[in-house]
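Shared chain: subunit A. Partners: subunit B in the first complex, subunit C in the second.
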Partner chain A sequence: MQTANVNRLTPYMFMAPAVIVMAVALLYPIGYMIYASFLDWNPSQRIGEAEFVGLRNYINLLGDASFRESFWVTLKFAAVVVTLEMCLGVGLALLLDRNIRGMSLLRTLFILPMMIAPIVVGLMWRYMYHPTVGIFNQTLKGLGFEPIPWLSDGDWAFASVVIADVWQWTPFIFILSLAALQSLPRSAMEAARIDGATGWQQIIYIKLPLMMPVLIVTALLRLIDAFKVLEVILVLTNGGPGLSTEILSLRISRTASEFRELGEAAAMSNYLLILLLILTFGMFLYNKAIEARAARLRRAAQEET
Partner chain B sequence: MPRISFDQVAKSYGSVEVLPPFDLTLEDGEFTVLVGPSGCGKSTTLRMLAGLETLSGGEIYFDDKPISKLEPKDRDLAMVFQDYALYPHMSIAKNMSFALRLARVSKSEIEEKVKRVAAMLNISPLLDRKPAELSGGQRQRVAMGRALVRDAGTFLFDEPLSNLDAKLRGKMRAELAEMRDTIDKNMVYVTHDQVEAMTLGDRIVVMSDGLIQQQGTPEELFKAPVNTFVAGFIGSPTMNFIDGELVDEKGTSWVRGDGFMLPLPVEMGQRLGSLAERRVTLGLRPSSFTMDLTTGAPIELNVVVSEYLGAQSVLVTRCGGTEVLVETQSAAPIKAGQMQSFGVLIDEIMLFDKTSGLRL
Partner chain C sequence: MMSAQSYDKQNPAFYALLVALVVMAVGPIFMMLTTSLKLNVDIMSDSSSLLFMPTIRNYETALCDFLWYEAAHVDYCDKTFGRALVNSLIISLVSTVITLVIGCMAAYALVRFRFMGRDTVSLSTLAMRMVPPAVLLVPVFGIWTFQFQIDGTRAGIILVYVAMNLPFVIWILQSFIIQVPIQLEEAARMDGAGPFQVFFLVVLPLIKPGLAAAAIFTFRVAWNEFLLANALADRNSRTVPVTIVNSMTEFDIDWGVIMATGMLLAIPPIIFTFVASRQIITGMTAGAVKG
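== the complex of A and B ==
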């Protein structure tokens, strides 16, 4: 009896260290942040001294035009970059899914941007966008065009951060799409060729539909990441001009460090967290649905035999 | 339905030559089977015909039209793949109608054709399902149906039955044989299974190591194989090969070896009379043995194992140092572990050159 109880506990005992580390490293900060979001808390105070204000931070934020603007910029940024990156990444994968000499070198080159630290990417692009000595305006001038106010005009600044993000993260979509493409059943593609599908028709009717599960997960992963982007924009525009590129994570950082409103920053973080949770949950549901469907199909096939 | 001819067609991958230049002509309306062991180049030949592989040399003609530069879709052919190659995301009906939809055939015509072929293959109830919801045999039928719906001039089959279990394979083989007789099209069928080749082919092309060893009707291949490879490949159980030499004694030609001495048929003896003392390989089919000692030349064999197969049994025996398979009727059981006399039907004896393997 005694032994049986101990035996039943064994797996939990093995899991305990990991659970404790998780609880301390993950749940404690989150709990701390949630608690902080109910406080009117100044960095000069200890957390115990801060005044408890309930949901006031959340309510204030909803009425705050610049927070709403920031939220909108974030949504717009995420939607635009993920759409562009998906189109470019999948397109590149379709183009480079072939065996020609030097292809492996080319593929490696393509994924280099992803490996550069975001701060460095930001600095690099800031130099390239520089109004007088940057390579873009130098080139435009050389060709006889007017220079473009890359980072000093609101609309151009948004486009500029989008371009930098697309440059850095398209490779992520590219390698995942390429892996998906190369794992597609080769004979189905050959059957399509014999059935009379042109290159485009193979892509539209066979390749893309078969890649879709991977593409959806990839897009969701990128979307989650795009909502959290900070460094590149921080270095490039620091949210300006005006609020044109002030995405949420940047606003959170500024609220905490410049405006010294820790409680409000925490509340903002929670709004972002909720948004990300919805996305993650959506991804989780999607995976579940796929698994359930696969299981159903397998069962049906087995019953036949 | 064109006459298909390969003219000095060759294939190499880099510096590796898998198919040296060869000629092959497939007559209009014929069911041709390319058969051979794995890696003999039969699938590559079929894939070159389909346009899925490029040619390294030579040309393929449909009647007099060169086609090696044409895309697969412009060659008027349909193909059944070994792994079926169904489109996993489309329903069965959509799978079958894909080619027709691409060709912008009218909806009503597509529906009519799919229905007709589905009925013919007994897959009508499956049309709304996805491939993953079907068993192996059903997928096989769908793959066949997808090819049939096309109404192409030439049908290509790349080992279509090799993923099925033995029972289903036999059933599908019979259905294919029936289809062969009802559909008047060129059919080219690749398999490594000589039983499929023998039962389905109007003409069989035996390949090995990238070379065409022999082509002919099943009967020609069985009765007059050109070399030991074809003789050993065609027929089941496989032919026995025993080393021996030709001798002339008492005015008759004999083949003599370790533990046997058999007279040659008169015609063969006259033909090979000048070759006395020559080292040869004696080829004897397991079916060339009889228990009736009056109709055959006697041979003593040491029975090692008796494999009961039902009406027939296969005896694994030893003749000197060589293993010899003998097919017998199970009705007259023979015990293992004893010497036994058999008669050899000498008209069925085949002799092959010891070094070249060519039939004498």
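== the complex of A and C ==
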């Protein structure tokens, strides 16, 4: 009897610590944030003293031109970065999917940028973008070109931030696509070769379609992470010049710490969360639709034979 | 095995591309290293060449309170960085250990006791992964300060990191635990082992690679995180990323010293990468490729 009881409780005992920690430090804060977004609250107040203002924070934000600008910058950043990284990463994977010596060392070196702290990545790039001592402008000067205002001009600053992110995260796509490529069924590729498909045809008709499920998940993961990028931009430009690189995460942190508007920051966090939810859910549905279609095609093919 | 394997011959352009890629990937890191070994005169001089006298002065300045000798050029020892390094180490190590223990138990329960479907776990992991740290900033600051009153303590920071990392760790570990043959556990149970003994003596040793991957990822997040540490830490519990950002002002950055601190922050992840790149790649691909 005693042992039966213990056995029935075991799973709960194994689960309990994780559930408690996540409930206390993850779910509770998120709920708290949703509540706080309806308050006019500054950091020196207890939350109970803050005034309940209903949807005012949300409405104010919608009317706030700089918030809309931030929102736009965030979307633009995520879209540009994910597109560039997917193209480069998948391209490199297709190119380097060969049986060569030192591949594992190469992969190890490629992981480095991802493992290093974003703060440090920002630091390195800020040094390289430095108007006078940075390597880029020194090289340009050495070649007789005009120096580029990497971080002090709005458009260039955006480009600089994108370049740094592409440097840091393209390897992620590369490694995932390479793993996907190497797990493709050899038979399909061999059949294509025997049928006389050229390299390009193999890539477009065999490799890419077969990799598609992995590529979609990869793009989704990267997209989610692109909305989290903060430290690199904080160190590089701190959102400036103007609002040209001020992504939402950065604006949230500044609204909370500099402008001391916790309620507004919480409302902003909610907008960001809603945006991410929509994106994730959309991708998820798309993925399911693709899977369903593939299953249907498979069934159709089976019925034919 | 490696030597027996034959490699395809590639044309020289391909190797040129490889070299270019490696230079691009490692170049910025190498540049940080060289800058950290330069004196400020060398950094600011127009000819940025590789020809300079390497010096460890910047490291001496950063780590002055750990030196067993008196560095002549350090007039005033700023202990901020040394203290932050200790904080970072404690916080990352403790949160990694706690996350692994708790996460491992939860993953095991999810797999073996069929709590929820695998889909539910994957989906909730994805949902949790979706939450940007910036979103946690306001509530965590509020709750930690006013309700738990653990702001400014290492424990407070550790708690956030554990919670942040748990979903991912559970997800990764359950994909490893699924591969442990149930017969092994049944055999152990026949021999009279209790559920906890089965877990610690049979399952844990078998999923070491998964544990290594999870440990590295958790440690990396805790070691590198800035935003929440910045909001929660006070003078005595600041971590290295926070001190680095604090020492960057708009103008007049002491590049040599700051690069040295950046290098010190980067060294542990770099070491992990070289020691355990296989586990890292496993951890990275486990989610996306295996699904």
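In this section, the second predicted complex is superposed on the first by the 263 of 305 C-alpha atoms of A that agree within 3 Å, B and C clash if a C-alpha of one lies under 4 Å from a C-alpha of the other, contacts with A are read in each partner's own complex, and residues count from 1 in each chain.
The definition used in the following text is that contacts are C-beta pairs under 8 Å (C-beta built on N, C-alpha and C of every residue); 3 or more make two chains touch, one makes a residue touch a chain.
Owing to the predicted nature of the structure, the values given are computational and were not obtained by experimental measurement.
Novice: Touch test for A:44: subunit B only (first), subunit C only (second), both, or neither?
Specialist: neither
Novice: Tell me which of subunit B and subunit C touches more residues of subunit A.
Specialist: C
Novice: Using the superposition on chain A described above, determine whether A:106 touches subunit B (first), subunit C (second), both, or neither.
Specialist: Touch partner of A:106: subunit C, not subunit B.
Novice: Given the touch rule stated above, what does A:176 touch, subunit B (first), subunit C (second), both, or neither?
Specialist: second
Novice: In the overlay, answer first, second, both or neither for which of subunit B and subunit C A:252 touches.
Specialist: Touch partner of A:252: subunit C, not subunit B.
Novice: Counting only touches as set out at the top, which of subunit B and subunit C does A:210 meet: first, second, both, neither?
Specialist: first
Novice: Between subunit B and subunit C, whom does A:195 touch in the aligned arrangement: first, second, both, or neither?
Specialist: first
Novice: Touching subunit B and also subunit C: which subunit A residues?
Specialist: Overlap of subunit B and subunit C footprints on subunit A: empty.
Novice: Under the touch definition given earlier, write down the residues of subunit B that touch subunit A in their complex.
Specialist: 50-52, 71-73, 77-79, 81-89, 98-99, 102-103, 129-130, 132-136, 138, 146, 150
Novice: Applying the document's contact rule, which stretches of subunit C touch subunit A when the two form their complex?
Specialist: 5-8, 10, 17-18, 21-22, 24-26, 28-29, 31-32, 35, 43-44, 46, 48, 101-103, 105-106, 108-110, 112-113, 115, 126-143, 145-146, 159-160, 162-164, 166-167, 170, 194-195, 199, 220, 223-224, 226-227, 231, 241, 244-245, 248, 255, 258-259, 262, 265-266, 269-270, 272-274, 277-278, 280-281, 284-285, 287-289, 291
Novice: Which of the residues in subunit A end up touching subunit C in this complex?
Specialist: Checking each residue of subunit A against subunit C gives 6-7, 10-12, 14-15, 17-19, 21-22, 24-26, 28-30, 32-33, 36, 41, 43, 46-47, 92, 95-96, 98-101, 104, 106-113, 115-121, 123-125, 127-128, 133, 135, 138, 167, 171-172, 175-176, 179-180, 183, 213-214, 217-218, 221, 224, 227-228, 230-231, 234-235, 248-250, 252-253, 256-257, 262, 265-266, 269, 272-273, 276-277, 280.
Novice: So in the complex, which bits of subunit A are touching subunit B?
Specialist: Residue positions touching the partner: 185, 187-188, 190-197, 201, 205-206, 209-210, 212, 294, 297-298, 300-301, 304-305.
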